[in-house]
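For reference, the structure I am asking about is given below.
Chain IDs A, B, C and D follow the sequence of writing; residue 1 opens each chain.
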C-alpha cells in the first residue's frame, strides 16, 4: 500500500485513533503474565475500569473483541431455549439477535426503523404481556453504531421495573463507553458489554463484561456451555490481579494509559467534548442540506453521526473520493443503509482541529463528486464549537 | 513498579520477547478494518500464515487468546455428549480436557506421568477398542508447555489410521508453532490450534485454527452452540481479506512483520536455532547436575526446558532471586510441578547471547540461593552452541 | 503538561510533523557506528540525500542543527576579514549576517523590507561595483522562514555571472529543501545549507552542506579555525559510509525512511502538494480579508504563509487561543514582526485534511478573539485544493 | 541488512543501549520549540542535568555530538595562540589535542603510554615550570574510552592548585558521565564536556558543557571565533527554558526520561552497578588469561574494559565472529591499538544478565576463533557479581 502523506484521519465510528502514549504503552515489551509486575498492572486496571462503567462491581476483561463479550453476556446468564427480548435499533442489534439465535436462545426482536433508539414503551408492553416470565433477559444496544441513535437505558430500566419483570438487563455499550454517559449501577444494568477500540481509544482486542450481583446469581443456574468466556475462573483469578489464561498483556499496558488519560481529562469533560463535536458535526450536516439518519434529536449520538445522502448519490463513492483526496476514512452504511449513508465518527481521541479537518474533508469529497450541498458548513460548525455548549446531555436523568 | 536497569530477559515459555520491528508495527495507528488497506493486509496474512502450519487449507485468525482457539476447535466440530480421547501430558492437556467437560463433551483422559509425550500406542489401543466409534475426536498437545515434552503427532496419526478410526485429530501447537517442526497437512491433522505469543513472537491476543476438509465437513453437523468462534462467517469474510467483526487490527499489522521475519530467516533455520538453544540449555542443566523434567530424549522440547530441582529446594525462590538479581523471568512449575521445577523458555526471538545470558542468570540464582550445582555449565553450553549441530530433529519423519 | 486530547497539529514552519514510520525508525535501537550495518546505512543515505539537493557532488551530514551547518558553510570557505555580500530578507538572513560578524567576517547586508525575496539586481550592482573582488561569498536565504518569501536563486546565480564575479554562492535552504524546488548543481550553488526538521520531516538534529568543487577548492585556502565542522575528515570518512566522530545514528536511521517516503511520492509531487496547500491557504487568508506578509506573488512560499493581522490585533493572543482551543501550534512573528504576524506552516508531512483542519483552527481562533474576518475562507480553500493546479511553480526556470 | 534474531547486544563503549522508555520519548511527536510545553521541558532538563555533573552552575545542552562540545569548551574560553596543557591517555585525548591545533591553539601534549590515566605529577611539574603562565588551560580526559583508564581529576585539580597556576581545567567526561563518579564543582573543573550516548543512555546527538564562573569570566576575553557554539546567547535563552536556535527537541524529550531513570535508581547505585559489571568483566578476562589494557588497578574504568589479545591473534576477527555468531557488538581497538585490543562496554543501561550474556558471547568467539583461553571465566564473573562489592570506588576521595 502506497504511503499517503500526512496523518491518516481515522474517522470511522471505531476503531478510533489511538493516542501515541497508548500506542507507546502497547509497544512496550511483553511482560510475564504470572510475574509481580503483571499482578500490579492487573489489579490497577481491573479496579479503575469500573469507574468508566460507573459500577462498584466486577468488570471482566476478555482477551477478545467485542463480539466475544456479547457472547459472554449471553452464555454466562442464559440456558438453551431461553427467550430474550430485543429491539431492532439497527445493524448491530440485528447481529446480536442473530447471535442469540445461533447460541440456541429465542430472541423476540421488536421491529424498529433504524432511525431511532429503543422504544421503552414497546418493551414495557411486551414485558407486561409476558406474565409467564418467559423472557429471561432484555438485551439492547445503548448506542447503535450503524445509525447514530442512542437509547435511553434508564427508561428501559423503568420499563422493566414498571412491568415488575425479573428479566436481566443486558446492554451493549461498545460504541458509547467512555464517549457518552453510561451508568451501570444507577441504571440497574445486569451485564454491560464494552470494547476497547472506541471511547477507550485502544486498538481492538480486549472487551468487557460489567456484572451485577443479579447477573452473578443467574450465572450459577445458566446452562449454556462455556469455558473460555466463563466468568467464574476469571473472577477468582482477578482477585489477585491475574488471569486464568494468558491475557492480552500489551493491550492491558495500553489500557492503563488510557485510564490515565480519561481520568486526567475527567469523564464529564470527555463526554462534553464528544457532545461539542457531535453538535458541530450536525450543524455542518444540516447546513449542507443533508438529513441525519437518527430522527429524534433527543437520541442523537455524541459518538457518531450517520448522514443520509440525497437519492441517487452513492455514499461509498463519496467515501472513496474523500479517502483518496484527503486520507480520511469515514464509516460506510451497513445492511439496509449500504451506500445510502456515510458515518462520521467523532469519538475517542480528537480535538476541534481534527473534527473540523474531517468535516472539511467531507466538503472536499462533496465538491469532487458533484453532490449538491450548501457551502458554509464549516463556518456553522466553527460557530458551534466556539459557543458555550451546555454540559453533556445526560439522557438517563432527563424527564421523559 | 520500579524500573530495573537493562533489558528484561523474558525467558518464560511464552509469551516471548517481541522483536522491535513487530512492536513498531503493532504501534502503528489502527486502520479502518473495512478499508482497502486492511483488505490487502488481511489477504496477505491469511495466505502466508498457512506456510507456518504447513497447510494448503484455511487458517482462521481469531481476535482472542489461545484458550479461545482451543474452544473453537471443539465447538465447531463436536456436539453435546460427544466423546473425546485425550492424553495427559501435563498441565495444559489437563486444562484442555477440563474445557471439553465444561462444554458438555465427554473426555476420556489417558493418564500420563507429566514427563513424556503422548503414548501413541495407548491411543491406538483405545481407538481399536472403540468399535462403536464413540470417540468423535482425538485431542492432544504437540508441545506440552508445562513439562517440555513433545509428542509425535505423525505417530498419533498412524495410531488413528491403524485403528481405522474416523475420529478427528485436534492438536494444540500453541508452544510449538514456529519453533518446532509441525505439518498440518502431511500429518493429517484436522484442527490445529495455535497462538501468537510464542514462536510467532507477537504479544498474546490472536489465535488460530488450521482446518482440514474433514473438519469443515464435521462442522456442518456439529451442534455445540457457537457464534463468536464459528468458522463459517469467518471463512466467508476471509475470502476477500476481511472479517465478520472487528479483528485485532494492530496485532495483524504485527503478524505481517512476524511472517516477514520468519520467511527471511527460513522456517528450517528457525527450527535449527531452537534446536541449538535447547541442546545448549540441556547441556548446561545436565552439567549443573539437575534432572530434566522430560524423561525421553526423543521427546525433548526445543522451545523450553523444564528443570527439576533437588528435593528440598524451592524453584519459586530460585526464580525470585533470579528476577531480582538479573531482571530475568523464568517459567514457574504448574499444577503438581509447582515449586518443584522451573522452566527456561528458549523460543521465539533469541540468539546465542540471550540464551547464554539466561543460563548465566540461572547460575547467579543458584549461587545466591545456595542450591548445590556443579559450575561450568556455561562452558558446556557454549561448546554445544558452537558445534555444528545436525539440522532440526524432525520427529514426524523419524523411524520409530 | 496536561495531555490535550487529539493529535497535536504542529503547523509551525518547522520543525514539522514527523511521519510515524520515521519516528519508528528513530526509535530503533542505536547501532554500532563502526559496524557493518552502519556502513551500509551511511553509504545509502549519503548517496540518496544528493537527490534532494539535486546535486551529483558530496553532501555532508552533520550531527548538529541547522545553525551549525550555517557556520560550517562559512568556516570551511572563508578566512577572517573576508567580505560577504548578503541580503536582508527577514529574521533568518539577519541572524546569518550576525553570525558572519561573530565569526570575524565582514558582511555587507543589503537592506530589504522583510516582504520580498532577494533583489538579484541589487546584488548584481553590488558585485559589479566590487571590482576588487573583496566579496568572497554571496550568502542568501532561499526561503525566508520569517516572512514566507522565496528568493530566485537562479536569478542570483545570473547576477553573479553577469558581474563576472568569483564570489562563492552560499544558500540557506533550511525551510525549502524537500518542499520547494531547489537545484544545487543547475543553479551553480557552492554551498547549500539544509536541515532535517522541515521538508525532510525529521526531528531537528542533523544538518547538511552540499558542496561544489569550487567550494572544495576554496576550503583549501580558507583560514577560519574549524575542527568539528571541517569538511575534510568528513569527506574522507564518508567515502566508506562512516563518520570521523559519532554521528546522530538514530536520526540517520530516520533519514533513510524519510528518503524512502520522498522517493516513493516523488519530489515533483512533493513540491506540487506543497504548492496546493500554499495556494489553498492563501485563498483562505485573502478571503478572510488579511494581508499576506510576502508582497510579491511570484515569491510566495509554498512552505509557509505569514499572515498580517489588522492593526491593533495581537497575533500572539490569537495563536494562544488557537493552541488552547484546537491543540494547533502556529508560528509566531519574529523580530520586527513580533505579534504582528502569525505563520502557518504547510510543509513536510501533511495532507488536505490536515491543512484544512489547520485553517479551520485559525477560524476558531479568529472567532474567539473577535478579530473581524469574512467567513467562508474554508470553502475558498477547498475550492482551490480540489482544482487541478498547475505543476509546481519552478522559479528557477521561469522567464524573468 | 538481514535481520538477525534476538536483540542486538550493543556492548561497545558507547553509544549504549537506549532503554525503551527513552526510545519511546524520543519517538514522541516533535513539539513547538517556542511553545509553552517546550518551555517547561527546557527548564526541567536544564535544571536536572546539573545533578549528573554535580554542579550548581549552568550546563549548556548543544544540539550536536560530543566532538562539538569539545570544540565549545575551547572556543568559548581561549584565543588564537593560547597554550593548552594536555596529557596523552589514548586515542581520544590525542584527537582532542589535534582539535586544539586545528583551532589555532598550541597544545603541549605530555606523552603517555595508553595504559594509564593522567599523571598528575607530570602536569604539576609542567605547570610549575610555566612561570609565565602561558598555559591558559589544562585539558584532560576523565575516562579514556580507547583504553579503559580513568584519570584522577581531583588529583589534577590539586596539581594545578599546588602549582598555583591560573589555567582553566577542562575535562572530557563523555564516557564517564553518569557511569563513574564525577564532581564538577567539588573538583574545581571549569568546563566539563559530556555527551548523551554513554551513561545518559540516549542516542548520540546532544552534548554538554558544564561551566564554572571562572570559565564564564574567561569567555568574555576569549577571542576564538564562535557563533553556533557560543555560550552567551545559550545562557540568555536558557533562563526561560528556551534555546537561541532550534534545539534537538526529541532528544531533549528523551533526556527528561533518562534523568527520571537515573534519579529513580540513584546516582550512587548507578555507579555501583557499573563497578560490579566492571569487576565481573575483569575477573572473567583475567580468568581467561588475557591482559587488561589499563595497567593500574586504581585506574580501571567502570564503563569499559579494553582487553589485549595474545600476540598473533586478531581482535577484529574475534569481534567479527562474535557479531555473526551472537549478534553482539564489541568495541574495536583504536589508533595504535587497532586489531590488538577489543573493548567490552559495560555502561549505561545493562544488568547482570546482559553483562554475563556479553561475556558468554566473548567465549563463543574465543572458541570459534581458536584463541587459547582458560575456560570458567563466566563462573568467575558470576561469583563477582553475586558478592557484596564495596560501594563505588570514588577516586576523587581516595587518599593518594
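Just so we're on the same page, contacts are C-beta pairs under 8 Å (C-beta built on N, C-alpha and C of every residue); 3 or more make two chains touch, one makes a residue touch a chain.
Since the model is a prediction, treat every value here as computed from it, not as a measurement.
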| item | value |
| --- | --- |
| Pair joined by the larger number of C-beta contacts - A-C, C-D | C-D |
| Label of the chain whose CA centroid is most distant from the centroid of chain B | C |
| Chain A-chain D separation of Cα centroids, rounded to whole Å | 54 |
| Chain centre separation (chain A, chain C; CA means) in Å | 45 |
| Distance between chain centroids, defined by C-alpha means - chain C, chain D (Å) | 35 |
| Junction residues of chain D, two or more chains touched | 7, 17, 20, 24, 27-29 |
| Footprint of chain A on chain B - complex, ascending | 1, 7-8, 10, 12, 14-18, 23-24, 26-37, 40-41, 62-68, 70-71, 75, 80, 95, 98-99, 102-104, 195, 197, 203-206, 224-228, 230, 245-251, 323, 329, 331-332 |
| Chain B partner contacts - residues on chain C that touch it in the complex | 20, 24, 27-29 |
| Of all residues in chain B, those that touch chain D in their complex | 2-7, 9, 17, 19-21, 261, 264-265, 270, 273, 325-328, 349-354, 356-361, 363-364, 367-368, 375-376, 378-379, 381-383, 385-386 |
